[in-house]
Each structure stands twice: as structure tokens, then as C-alpha cells.
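Notes for the one structure printed next.
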Amino acid sequence: MKRSRMWRAATAAASAAVLAGALGSAAWAADTVKVGYLIPLSGTAAAAIGQEMSRATHLAVDHINEEGGIKALGGAKLQLVEVDTRGDPQVAITEAERLINVEKVSVLIGAFQSSVTFPASAIAEKYQVPWIVDLSAKAEITERGFKYVFRPTQIPSSGNADSAADFIAWAGKTTGKQPKTGAIVYENTDWGQDLANTMRKRMAEMGIKVVFDESYPPNSPNLRPLVVKLKGAHPDVISMTSYTGDAVQLQKLIAQLRVDAMAIVGSAAGHVDRTFVPTVGVKAADMVFTTNGWAGYDSAITTPFARRFWDQYVGKYQADPTEFGVTAYADVWILKDALERAGSADPKAIRDALAKTDMKDNDITRLVGYDIAFDSKNQNTLKRFVVQQIKDGKYYTVWPSKLTPAGYKMVWPVPDWSDR
Amino acid sequence: MTSILQALFDGLASGAIYGIIALGLSLQFGVMKIINFAHGSFLMVAMYLTFWATSLLGLHLLAAIPLVVAVLYLVGWGTQRWLIEPVYRKEATREPISVLIFTTGLWIFLDNLFLVLAGPDYRTPAGDWANGVFVLGDLIFTYPQVAGLVVSVLVTLLLVLFMRYTRLGRAIRATGQDREAASVLGIDSAAVYRTSFAIGLAILGVAGALLLAIFPVDPFIGDLFGVRAFIIVVLGGIGSIGGALAGGLMVGLIESLGAQFLPITYSEALIFAIFLAVLYFRPQGLFGVERA
Amino acid sequence: MSLLEFRDVTRQFGGLRAIDQVSFEVRENETVGLIGPNGAGKTTLFSMASGFLAPSAGEIWFSGARIDGRPAPEICRRGLVRTFQIVRPFGEMSVLDNVMIGSFLHHRDRAEARADALAVLRRFGMAERAGQPARTLTLAGRKRLEVAKVIATRPRLLMLDEVMAGLTRVEMDEIIALIRSLRDDGVTILLVEHNMHAVMALSDRVVVIHHGRKICDAEPEVAANDPAVVEAYLGGDEE
Amino acid sequence: MAARALLLPLGAAGALLLPLAFGNPYALSVVILALLYAYLALSWNLIGGITGQLSLGHAAYFGIGAYTSTVLFADLGLTPWLGMLAGAVLAGIAAVVIGLPCFRLRGAYYALATLAAAVILKVVVENSNELLGGPRGLDVRLLHDAPLYFQHTSKLFYYYVVLLLVGGALAANRWCLRSRFGYYLTAIRNDQEAAAALGVDARRYKLLAAVLSAAMTAIGGTFYAQYALFISPEKVFGVHLSVQIAVICIIGGRGTLWGPLLGALLLLMVVMRFEPRGVIALLGRALSGSRRLSGKAAKVRREAA
């Protein structure tokens, strides 16, 4: 019984697909613009992040539609077709094909993880449908020189590590307390290795001796041995590159085992996840530094546009949005800007409009904290990271210093655990 | 030197918890000879129950243990009675492959059920108890480590005594050794299976609380510890209660000490390699009794 | 001429001597009964001769070659095969397929093996059950299949382990007739049997084992009156 | 009888023409993956089904196949068609290395040992950065339309290749079931000692079956690498893959000719939609109906005999 129904469903889907194919590509109906959205919602350590991004993306679509949709298309509404990648590249590849060929989306957004975005965006290039990369940092995503893949809100991973290194140099100079030894701890993945490579090079340039340099398999059951070893190396400054689960575990262990260093500097991701402080504990997370792709409430929520997003997000989900949500929200608005200029839902027209994106000092740039325009490889090189310090459970921007909220004074070096 | 001593203690402490995770599996595996792939998922369930007991009822992590143990005992009894038993009975004479497939399904199902129920976030109980430490010179012991060590040894001891000196315990052992012979002696093997499965899960209740103190829970946490539990069971000797604890301690020590000399990315391979070596040279496990 | 010979064979399990310096031989075309109370060590001797157990000490020779400690398949290929006391049919396979496993020893080709196996089944009066799964046979059927499987390997020496236990009188007579016809074909037989009537009827000679030791090796009538044998059976708690 | 004789050519013709029914590459890619899984399940069937050795480590061979051809292509420019054979040979050797110690173990022990072997291989690959790309994995250099180098932009190319593989695997299984080799393997599954008593060298035949199964699985690995053009340790050596291969074969009916094919088609139709509840439902039905499925397959087996 059930099996025959399944067969029927399959054949129905197949024949529907044949029909859709026969109708051809002429019919980019203008009453809705279909947007494919690929994001990890389960099955991976990044699912928590994916969830925040998904919420913000939905919020942006609602806001745009409430305001009357895409005016250049006669008020066409955005229609989001969301897909859970489960952090699996193969799933994303297959789903990208489905979104393009079956759902007939005009544009794709996604997919947070570099390992997923990299192969899946090649599908978009193949079928000539634009893909807006959200936060995937792998350099090659834009280095390939694809015509249809745009990265407005992220720079390659090295940019993240460069910001952390710049900050360490600056902090050492301004406080007069220069670190002499360093440790590099990173997850054993694409992203972790990219950052570690840059950090290794930068530390050498700064004259910081790397006394500990080790990776760990992501989602490790027990990182305690690693931290014991790290403690034995006595580094002055520790660079960390982790997703949430490992970041939480590492920081708890550092607090428990009282690993004393002048500074611990995280690389956004796990360290800026909204669950990081509550899960680690306010005391154990205190005074940790981290890069962040976004400067935080005090520095960025300054316009009515930004406030509407903030208030509604907080009202709906009882949690403050972070870089993930903010960026996801902005990406949809960057798409909207392109659609208005394209005046068409045709993927090629959208691509051409996206390529000409040039935002300065508008609501969107003020929200994200940097201007948006693409170089010849469709990379926005204007994005930068800030560095924040966690104090009493809150994130304060400390670098660049002009963004530091009045009344906050950076703690560097941080006191030993026994003195807290 | 300090690092090595610290690593030694850490290895014992995490090993004790691994051991108690494997304990229930060893019991089920030893008595029924089934591969329960959902074991890790039941651990995840235990951790969530503990988390909710602490966050919703305001219980201390350790105080939540009896409650979680009771709930999991019932879950285990019910799972065996209404889910596994019908599948198992069909293949009683052969290698119970269907149970393996069934528990694989249960594993996927439970993981996704809790993704829906609890969301994908990492969760850890509030309160500073889990971060509290004893400092002894340069060595640092956290409260959860010490508690884990003590409770694990205690539970193992209790189970050994139970199996040795109670009527029910002896019935379980007899059934594990020879089901037919046990049934001749008037032991109802189906009832024994239900009890064994239930006890296996109840012990996971203890393990869940101890683990939650050192490791946050998310819906997929079971994948991490499930396979490891199997390895420990085989290392220690299938069905051997003390062996499960010893196997756990061994894995803890390999992991902790091994990482002081090798990159930690190798520790998993090291554990598996030692596992294979034991399997080859002592297939009955390090502490198992040779089967005729 | 001696076909199978045990020379001072000993087997220990832990501290226990299951077999203690047993020596005897089976000559070509002879039928020898191996008897003794339960737990005397008869099946252990079978297991050692067929390669499933290695002796702790001593030697076993078959047809001029030393075979103790050799793997079971090799011993089978030399022409020495055994049946199992608790029958072991390939339950999921058909009766014919079961016998074909034996006949494949001499035929690579499936059709030939099949024809050969069918011939064996006909001789065993089981041809009409050829297509039936082996596990559905009655106990008598399974005992018979156990013999048919090994006969298909065309053995020189056949070791039968209690092929009559649990059978009715009629079934037993059928098996006895079958064994006789095998013997008439020139197959040498070593037979473990509890049923004295059957042993006496079939054997040219009996070897009596008690507590792992050989206590008698003589013609059936002589053995039956041997005081040591009588003592072993009366003193034991069996039969 | 006549109808049965017609069935095979009709099925083959249907399979050849199937892509015409699909208007878009997405549907075809689902079918290709389903067929790949069917091929893997058929390969697994030789050792896991017919011989009854429950291997949960077949990802090891899959990974060896994928990595061997990819590395040979990247570093020596060898066409993956030849790399595929090299991978098959390597996987066969690996099967001997893994099999010799593991075959002493029964049932669950064997399953866990094979699983452990696969995990070790995965970790080793993850830790070897230079040659094998470490945890990043390896990209297969894009050549677009290069059938001589096992690459094509059209999915049809991969469809027909994987169809050929499935056909080959079916033929291998059929030959196996109908030859002395297969009879021996079946006997070993039923009772290894009883088989040994009849002159069957169980270890030798188990090893042969394992080698054949491993080599075939490795070929599937190369196909996957060429199809996805990207491989990583987690994807090709992961525990999930091993378990999936085994479960697909078992659901369809292990030890049978058509079971693995059926299992792959059933499971993939549900799994592709990523509905865990659907998977559970399917598993439940497969369990209750397992007797029926394998019963039917057993009949096919008997008729073939």
C-alpha cells in the first residue's frame, strides 16, 4: 500500500519535472521571486548557528514583503525555499540541483560552512544562477573566479586571523605588555588550518615564539588532555579556532585547569555563539577576547532600520542576534537592492545587478559595519573584523579602539585564575 | 612531570565515566548478545533528562540521579518489552541482525526526536559546582571528576554484588551463559531480558549525570560516546562488569596520556588500534573469561 | 593394514585429562565400535582425528601420514570424515544443496555435483525431499542427512558420532542397514554408539574408553564379558 | 518461463531508457546515487550476505578506492579508469590484512573489529596532510567533458557507468550463488565447522569473498570520487557509510540476488527526503516484512539453482 503510494509520488514528481522542463525558462513569473536558502539546521555542530541565521533570514524576507516587496517588479514578494544541508556537502549539492532545476529559484543564499558552500556553489555557477555566500570563509570560494558566486559579507579566513594578529600587536604596544610566546589551537578542518597558517606566519613576524601548535578533531569527546598539554607549554597568548561545542569545552577546561595567559583570543565562530557564555559560565568565560565579524549592539544598532530588526528578533526569539543573524539579515537586503536594480527575476539580470552593488553609508552598511562592493572576483574586500572582550557575560568591542563603548577599559593582560 | 601526573589522574577520571557508560551495554550485550546501536542515543536522553531535572526542578546535578535512573529504568523495560522483544523473538536462533537494524533506526529516530524537542543548542546545567576545583600543589581536580570517579566505582561495585549475591542477579548471569540451560532451571528468559535492558539503561542515567557535569549535551552527543562504549565493552570482556570499568579506565588513560606524546588527532586511532590488538590476541577481552 | 592409528594420544582441558595416552588402530575395511560411558572422551577422540582439536601429546596417523593438528578441511580431503553428535545441517539450504557441499569435494562443476548428490540421496531414500530446506526435516531425517553429507565426499574412513541416538527402533534398523551397505562398499567405519545392540551388530571389534583411558580392545563378545568393562558400565551412573 | 526470459531484457531496456523519463538532472542524480548504493550493497552482499560475515567497515575499501584513483590522477596524471583498478587491488590487499585477524572473530566481534579498522584508516588519512589532503579532503581536477578521464558534465555519462557497475555486480552475485564458490560461502554462513568437516577451507573462501567484495567496493569509491569531484575522510571513510551499506543490503534481503537492489531503491526514496520518521517507518516495515522479502528472494535462488 504505502510502497505503491511512494512510487506514485515519485512518478508524479518526475512527470511534474518533465512538464516544468517543457515550459522552459521563459516563465520567470514576476509575482514572486523564489530564493533558495541552504543552511545547516541539524546533524552538525554548526546547527545552532544555522538556526540563528535561518531566523534572521526569515525575518528579513518578512520585512521586505511587508514593505511592499520588490517595487521594480511590481511589488513581487520574496519566497524563501529553505533546505537543511545537515552540514553535508553531498546533500547540499543535490539540493542545489533540486532548487535550481525543480524549484526554479532565481538566486541562492548559503550555506555557512565552507566545506558545504565550496562544492555546492559550483552547481550554481554551472547553471548560471547567482549564489550569495553568507559567512563561508574559505579563500577559494571566490578565488576560483566564478561569475555567479558573490561574497558580500565575509572575507577569506586569513582576514579573521589577520585581525586577531593585528589586535595582539596593537594591544602589546599600547599596554607595554608584549607577549613573547604564543599557542595556536585549532580544529582540524579547512577553516581551522587556514586560520592557523596565517596566525603562525603573523606570530613569527611579530617575534612571538610559537610554543604550542596543535589541532584537534572537531566535536571531540575529551579535549582535557590537549589543555593539560597546553598548560604545560606556558604560552603568553593563545589563539583559538573552534566551533561552539569545542570552544565551550576548551574554555571550561582552561578555567578549571587554570591555564594562565596574558590573553586568549578566539576566532569568532564558537566564541561569539550566543550559547558560548551561558554554557561556559560567566566566570569561566570572563575576559576572553575574540574576533567578531560584527561590532555589537552599542556600535551597530544605531538606525531605525537596525532597531526594527533587533527588537523584533529579540522579541520573537528571546535572544540577542550575533554576527550570524545580523549578516544573514543583511544578505537578504543586499539581494533586494540588486533585485530593485535588475528589475527582473532572471538569474542573469540579478547577477549583473549584484556585480554592480555599491553600498556606502546606508542602513545596511551601518548595520554590518562596513561598506559593500565587489572586486573582479565578486569578493567584498571591505569587510573587517573587530576584536571584543567578554566582561561579566557581555561582549565589548576593544579594537579598533574608536569603537570601544565609553566607560569600558580593556583588561590586558588578564589576571591569573588564582587572583580572580 | 606535572602534566603527566595531571594527565594520569584525568585519564582515570574520564575513564571511570567511560566505563560506566559501557557498563549497561556490557550487560545487554553479554546477556542477549545483541548489538544495541541506540546505546549512545539513550545516553543523550539521560543527559537531557538530567539537564531538565536541574533546570526545571532546580535539582543539584547529583540529586537528579535517582530521578533519571528511575525514568530510564522504565524506558528500558518498555523498550525491551514492546520494541525489541518482538523483533528479537523472530531471530532467536540466529545472530540477531534485525535487532541491530532496529536499534540503528531507534538511534536515528531518538537523535532527531530530541532535535525537535530540545533544539540543536549545546546545553549545560547552571551553577558553578561543575567548575569547582580542589587544588593540590600543581595538580587540579574538578568536583565532577572526583564525583565521577567515586560514583562510577561505587555503581560498578554495587552491580557486581547484585549479580553475585541476589537471586535475580544470578538468574541474569545464568541466562547470559546458556539460555536453554537457564530455561530448564525455570528462569523466564524474557523477564530476565527486560530487567537486564532496564538495568542497562538505568546505569546510563547515572552516567548521563556524571557526563553532563563535564560535557555539554546536544542531540547528537550519543554518536561520540556510543562507538567508544562498544570498544570498551570488548576491551573489558563482554559481560564482565568489572571489565567494563577496567576497559573504560584503560581508554581514558590511553587518551589522556597518549595525547601528551602524540597529537591529539591520533588518540582515536590509538584507541582503535589497541582495541584491534586486544581483539586479536585476547578475543575474550582483557578481563573476560574464555568461552568454551 | 592400519588405516587410522592413535599413538599415546593425550588431551588436557585446563587441569583435566579428558584423554590419557590412548592408543589403538583401525584397519582397512574394518568396522570398529568406540564405546564407553558418557563423558569418557569418545567425541574428544573424534574431534582430534578430524582436525577440530589438537592433541596435547601423542600422534595420530592416517593412511601413512601424520594428521594430528592438521586443519579439518585437509583431513577431510585425505578421506577421513566425521559426523557430529548434535547434527549440524546447513539449515537454510535445501537437502540437496547440503549434500552438494560434500560432493563438491570431487566436482568443480555444479551440474556434476548435483547429479552426484542426487545419487547419494536416492541411495539414502531421501530423493523426494531434495528440495526441502534442511531445517524442516525430522530428527531421523537430519541424522540421515548428516551421514549423506559426508558420504558425498567419498571417504575412506567414516567416523559416525551417535547417529542412532533419539531414533525409534524402525528408524534405527534403517540406519543399521545403511551402515552395513556402506561397509560392503569398502568404507572403513569408526562408530561411537550408545546403543549396545547396534554396536554389537555392526562392529568387528570394539574399543572401550573409560575416564579417558582405553580399558579394552577386543571382539564384541569378548569385550562384553570383560570385567573391567562391566565394572565401568555398572560403576558409572549411565545405562 | 517465457515471461521470465523476457523479464531480463525488458528490465535492461527499461534501465537504459530510464533517463529519458527525467526532465531534469536532479532526479537523475538521485537515481545515480541510488544505483551507487545498490552497487555497494551488492558488493557487500558477497561477504556480508552470502558468507554471513557482518562487516561494518566497508567504508575502508570505499575510501581506498576513492583516494587511490584521485591521488594517482592528481600526482601522476593517471586516468582514474586505471586508478580504479589500482584502488581495487589495494582494497583487496587491505581486505586480506583486515580479514586474516578478523575472521577468527564471530558475529558482533567481527562487526566491531571491521568498524574499528575503518575508523583507524580514516584517522590516518585525516592526519596525513601532504599526500592525502588531511581532513580537507581532495578535489578532483575539473576537466569537463573527458570520458577518457572518467569525467563528464552530463549526468547521463555517470548514469550509464553506474548502471554498468550494477549490472556487473549482479552478474558477480549470480555467478557466486550458482557456483561451487557460492555454495561453499552459503555453507560457511550456515555452519562454519560443519562446512570444514566436509572439506571446505572456510578461511580461504572467506578471504576470497572478502577480497572480491572489497575490490568491488573500491571501484564504487572511484566512481564516487569522479562523480562528486570532491572526497574527504569523513565522507568516504565514515562510520555512517559503512552502516548504510550494510543496512541497505540487510533490509532488501541479504544473501539474495535482488535484495540489495531493492533495499537501495527503497531506502533512498525515503532518505533523500531526509525524514527520520520515514526511515523508522521503513525500517519497521522491513523488519515485519523481512521474511516475505527474503522468502521471495530465496525462491529466486532456488529456481536459479
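Letters A, B, C and D mark the chains in the order given here, with residues in each chain numbered from 1 onward.
As a convention for this text, a residue touches a chain if its C-beta (ideal position, glycine included) is under 8 Å from a C-beta of that chain, and two chains touch if they have at least 3 such contacts.
What you are looking at is a predicted structure, and each value in this text was computed from that prediction instead of being measured.
When the partners of chain A are compared with those of chain B, the chains appearing in both lists are D. With chains reduced to the mean position of their C-alpha atoms, the one farthest from chain D is C.
Chain A and chain C have Cα centroids separated by 75 Å. Chain B and chain C have centres, each the mean of its CA atoms, that are 47 Å apart. If you average the CA atoms of chain C and of chain D, the two centres end up 42 Å from each other. For the pair chain A and chain D, the distance between C-alpha centroids works out to 37 Å. Residues of chain C in contact with two or more other chains: none.
Residues of chain B in contact with two or more other chains: 112, 263, 265, 268.
The residues of chain D that reach two or more other chains are 123, 126, listed in rising order. Chain contacts in this assembly follow no simple pattern; the graph is neither a line, a ring, a star nor complete. Those chain pairs judged to touch are A-B, A-D, B-D, C-D. By the touch criterion stated above, chain B contacts chain A in their complex at residues 2-3, 6-7, 10-11, 14, 112, 115, 119-124, 128, 130-131, 133, 140, 142, 215-216, 218-220, 224-225, 228, 255-260, 263-265, 267-268. Residues 29, 33, 35, 37, 87, 90, 95, 97-98, 100-102, 104-106, 108-109, 111-113, 227, 230-231, 234, 263, 265-266, 268-269, 272-273, 275-276, 279-280, 283 of chain B touch chain D in their complex. Here chain D touches chain B in the complex through residues 52, 54, 101-102, 104-105, 107-109, 111-113, 115-117, 119-120, 123-124, 126-127, 239, 243, 247, 250-251, 254, 276-277, 279-280, 283-284, 286-287, 290-291, going by the rule given at the top. The residues of chain D lying in touch with chain C in their complex are 178-180, 183-184, 186-187, 189-191, 193-202, 298, 302, 305. Those residues of chain C that touch chain D in the shared complex are 50-52, 71-74, 76-77, 81-84, 88-94, 97, 100-102, 104-105, 107-110, 113, 131, 149-150, 152-153.
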